[in-house]
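This is the structure, below, for whatever I ask next.
Note that the chains are named A, B, C, D and E in the order they appear, and that numbering of residues resets to 1 at the start of each chain.
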């Protein structure tokens, strides 16, 4: 119907200068923004394999940062999804001790079957996530504040209830061989099984973000919440689902730590909160939402874990550790950002041809 | 010239129904969004005066939360300005110990005049702020990550240098009566002098945000950084200035704590990172920038301090403290938000008349 | 291992923790000898205490993966850390438990020795001192509630003072106050104002004692509420000297690091093994009687 | 006459004390283009936001096919076959063209046991639909929306609504950012939609565009319906005056012409009538 | 002829491998309105972003009053007397009208020893300037911009640029979101500015608006200058075809007319020519 208008090449088009064909082929190489994160990660890896010696690159050395990365990564993934959707979840910080105390009290203190403890811990995670989600959508209070409130509330509940129920802030847990094998063991004596859980969750979350409709909704909500709602996305349900997944994953980490370390403690902490946000942001997710990738989050998690653990393999005085971590973080992110901007500016070659 | 068009009342205008005149006068009462924060604060105040007994409302009780609020508030104000402008500053967390160690090492360990220590501490704050600002504008890396890196780096530097210079992580400081009086004393045996510094800084920052051109620039930058730059705002200079002011204020708090407590420790102040952000967000500043008020920040700071300290005046088991803090925070913010939305929806009566 | 000297790994607390920085100083000082024989001493500490047991277990494994000549470590959370320590012993790496766990832990794990004291015993010592000086109602201020070692300190105080007919309650502070001396001071002030039968107060760290001193002054209860602290710093010692603080419980952290590393150094290099087991470094009480001697060491960062 | 597809009766809307819409009654028929006209701030966007489930009316009722409806959410409205291009937004700068096009209604395909987002098809359809609007330079559905020009972005939003417009297509100033060619394509597509029996609500400030496609015109002035007429019932000048909020445009135009004339060059006769 | 106020020579701009502008040379004279025309994505906004200091050209030179200039920042450009209304943004939803109007150039007054932002004056001026554009409903400069309708917001941005336009006023599709009355006001104001000797660069997709105010026309097609002519030198049809990117509009229009005609109703003759 309209073909005539299209088929007729614009009169002046041929008069245009041809597009520069001198563009280096690096343009297409760095097309994917994750290449930046990858290069950042490789940079710190190289740094520590130089200063950390052979041990750092040995299986044991790799296990050291991979184990840390796996636990952080399991939490960072749903936190990253939330951030892409424009939300934050601080309550993971107390979800971890809450779930490990839950399983320890149920299966340790009260000697119930371990599966009861596991289900209760995970159920708690889902419940807290649900409450977070409902509060966020009902009250319209920013999720930073809502989950801050649940962070405090849950920490208080955990401390108070633990003392009432078990009389102590630290409870031992003996779990059977199956639970140990599945959730709290070392493979080859070095690699935590959580590593495999992490890989599984990476695949699931990667699938969701890249290949499912749900993933598209998450990206759209973070990009423009109003337009997303106008486009018919059930934003409320997506929000609740995301908070439930971050609650679940944090509960999973707390529970598997309790099984792995045979004990649980009520320590209120902010380190997982901060570290998960850091890993996600290093991985290139926008703090304001709307952009991010699973590969980036994984690379950010690895970068942060390598920097954090690698320092122990160098001969540097521990007093200067923080300084080195700070400088390396900045360097990694800088590299990361430089390449991301390059990737977003350089469109693939084919595009420039048509102009 | 165009008066004819204006003077001619629209033909159909008189046919329109008169605006509802049944609107309760609460509409104009709650016009200012800060009323929400005020009501939130009053709510927690009432809560604790009921459950906290006479001690809480006594001068000593008031001093208890006012003192905490004053230090938090001095940091929350510039952090709030930064957040309004669309940035975050996490490095305040290590700026506080860095500046207290600076003054303690210079004037305590090396016995230099106190004024030298004070100037060095404040100068350090300005320098770190400057570095933060320059890194943020040069690298385009989000300020969350940049200041996270400086948070680590500065903490490492403080620890490493303290051990080298003083051989210890905690240094005593004896300051003369004048320095004590001006920076580290109690008025009436109860009220820290920082309270007066806080009031002064509130006035200054309030002036800047509401009555200076600079304040307008801050709001515009947070609202839309690109448009702000296009409108000719020197966004780079404003950013650097804001980071310098948050560095300065954090250094001020660290320095005055060293004088007040006659000592400085390397590890302190991390809680200020979170708490300052919390106070600012409770005060209604948008985490994403572009909106906020000094009155709101002050009320947010007070609300958080009352909740955080008031608990110790109640008969509640301290194990439940966190739970109560969490619930009260949520309640305060909810109240706050409800009223803010009301305020933004209800325009003043006069406006509705003209339609 | 003798050819290229001993590679000793020390697992400890945060490097910027006032207590642990003294342990580290001791370990570093002993390490100078190790370095003379071509060896090294490496300090591994967590970034925070949020997840202490698991983090420390990871540090032990990190040390083990670097083919160490010997390892020093505290048994803070036995359930979480024992497996890792057992791997160390199974790998044939000499191990010394220090700071916490006691000789029981050393025996259970097959470690060579134990250096240090126990939190609970330190608490008992403090409680007994309070009791013998007439305190009946002591507040134990815990700025890190939920963490085992601080809970043990307060528990020791309570148990010991109960023997002399007094009582002790704990004041747990929320994490939002941690590291903020003013928030801690004001919380303590509220607590002492609320309970007018309090006559003793102890803090779990030296820094908190500075806040507590402030709180007591503000509440104008300096005559009534006696202040004490676990660990100590220059400012606290000055207070003991001035008479505004009753005592500090000293675990001699410097010695913990110094002795543990020295013992292992001698063992790895020369096969020396001390017959004394365990090697106890505390608890010691610093009060007006011995404060002057202590101050010199504190100024050098060793006490 | 058959029952209208959509009937509004006595719709009021106020934001707090600001009354934005007063007692609007309106009918929208199948296979007709309703042009919603009115000055800036007249309430056009607010009205269509009510139709598309973004806002709920303060009072008044809505009927679809004679049955009362109330939309709780935009999704509700789109489930009733109403597709809307809002005046602003609707696209996501950091998403690809294909993803942005299908937001909320992603095409899927089976992949083994899994149902996955069909990127290839989404991109193809998005690019094809944009071509229909005359945007021929975009050939890669993976490009980010943020890199498009203003008009290209607008065209994306329109293409989307056209693609999904089942029974009602609402376009809020769709041609505002478009070039002459693209605008013509939009008009063509509106007419195609009408021919398919879709009811179209078209908001514009351009008299020529309105006259080209409109079957039926409703004019809002200060939130109230000031006029409601069919094609050919009013002169172009009368319509222009109504669109200007009931003010006489002749004087303003005369003034502009005097400016132009003062420069002693040929002034086009119909200044500002478009 | 005198030296032009602004002269561009051989301007190129590429974003990575995408070449957006090719070798643009252009002159802008005092007291003249230059209409910059072109299809969506032709590069108009990119060109004026170079003029207003937002982007730096990849190559090419700019002269002002015969002296070479290079703008490092928008502030630099505005210090040279160039005021711009960009196509999007420019207003701040959460700021008051008065503050938004004066962003970056706030009026101040003395208050004791202090220099303070003069809220009252800012609000007054902002409201007055908006009235000049026919926005008569806004009488409170303290209202938040976020509550304004699309056209009201656009008018605010234009009023601002007009107020500050010292020697060059650049308007990127200023009338896009405006109603007929407000658009007419903008045209009037453009002509007023021209009379004052200001050089105006006016981007529009509306042929009528272009012909009403333009003295001089430059057409971009795919990033290159395809035509450059003065008023009266080309027919309206030729200009329309150029604006459509060099494609003949006649066929498209015929198609649209056939649609309209098929419905057996009166079709306006100049469909889509505006």
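As a working rule, a contact is a pair of C-beta atoms (placed from the backbone, for glycine too) under 8 Å apart; a residue touches a chain by one contact, two chains touch by 3 or more.
Just so you know, these numbers come straight off a predicted model, no measurement behind them.
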| item | value |
| --- | --- |
| Centroid-based (C-alpha) most distant chain relative to subunit A | E |
| Dominant interface by contact count, named by its two chains | D-E |
| Subunit B-subunit D separation of Cα centroids, rounded to whole Å | 45 |
| Separation of mean Cα positions, subunit E and subunit B [Å, integer] | 41 |
| Approximate Å spacing (C-alpha centroids) for the pair subunit C, subunit E | 71 |
| Touching two or more other chains - residue numbers and ranges from subunit A | 2, 5, 152, 155-156, 159, 268, 270, 286, 317, 319, 321-322, 347, 351, 355 |
| Numbers and ranges of subunit E residues touching at least 2 other chains | 15, 18, 137, 147, 181, 185, 188, 222, 245, 247, 252, 255 |
| Sequence positions of subunit C contacting 2 or more other chains | 15, 145, 172, 174-176 |
| Parts of subunit D lying in touch with subunit A, wherever the complex brings them together | 52, 54, 73-75, 77-79, 84, 86, 89-95, 99-100, 102-106, 108, 111, 114-117, 131-132, 134, 136-137, 139-140, 143-144, 147, 181, 185, 188 |
| Parts of subunit A lying in touch with subunit B, wherever the complex brings them together | 135, 139-142, 144-146, 148-157, 159-160, 163, 268, 270, 277-278, 281-282, 286-288, 317, 319-327, 329-330, 333-334, 337, 341 |
| Residues of subunit A that touch subunit C when the two form their complex | 55, 58-61, 63-64, 67-68, 93, 96-97, 152, 155-156, 159, 168-170, 172-173, 189-190, 257, 260-263, 265-272, 308-309, 312-313, 315, 317-319, 321-322 |
| Subunit D to subunit E touching residues, read off their complex | 15, 18, 38-42, 45, 87-88, 135, 137, 147-152, 155, 173, 176-185, 187-188, 191-192, 194-195, 205-209, 211-213, 215, 231-232, 240, 243-245, 247, 249, 252-253, 255-256, 259-260, 262-263, 265-268, 270-274 |
| Interface residues, subunit A side, partner subunit D - complex | 2, 5-6, 207, 210-213, 215-217, 219-220, 223-224, 226-234, 286, 290-291, 344, 347-348, 350-351, 354-355 |
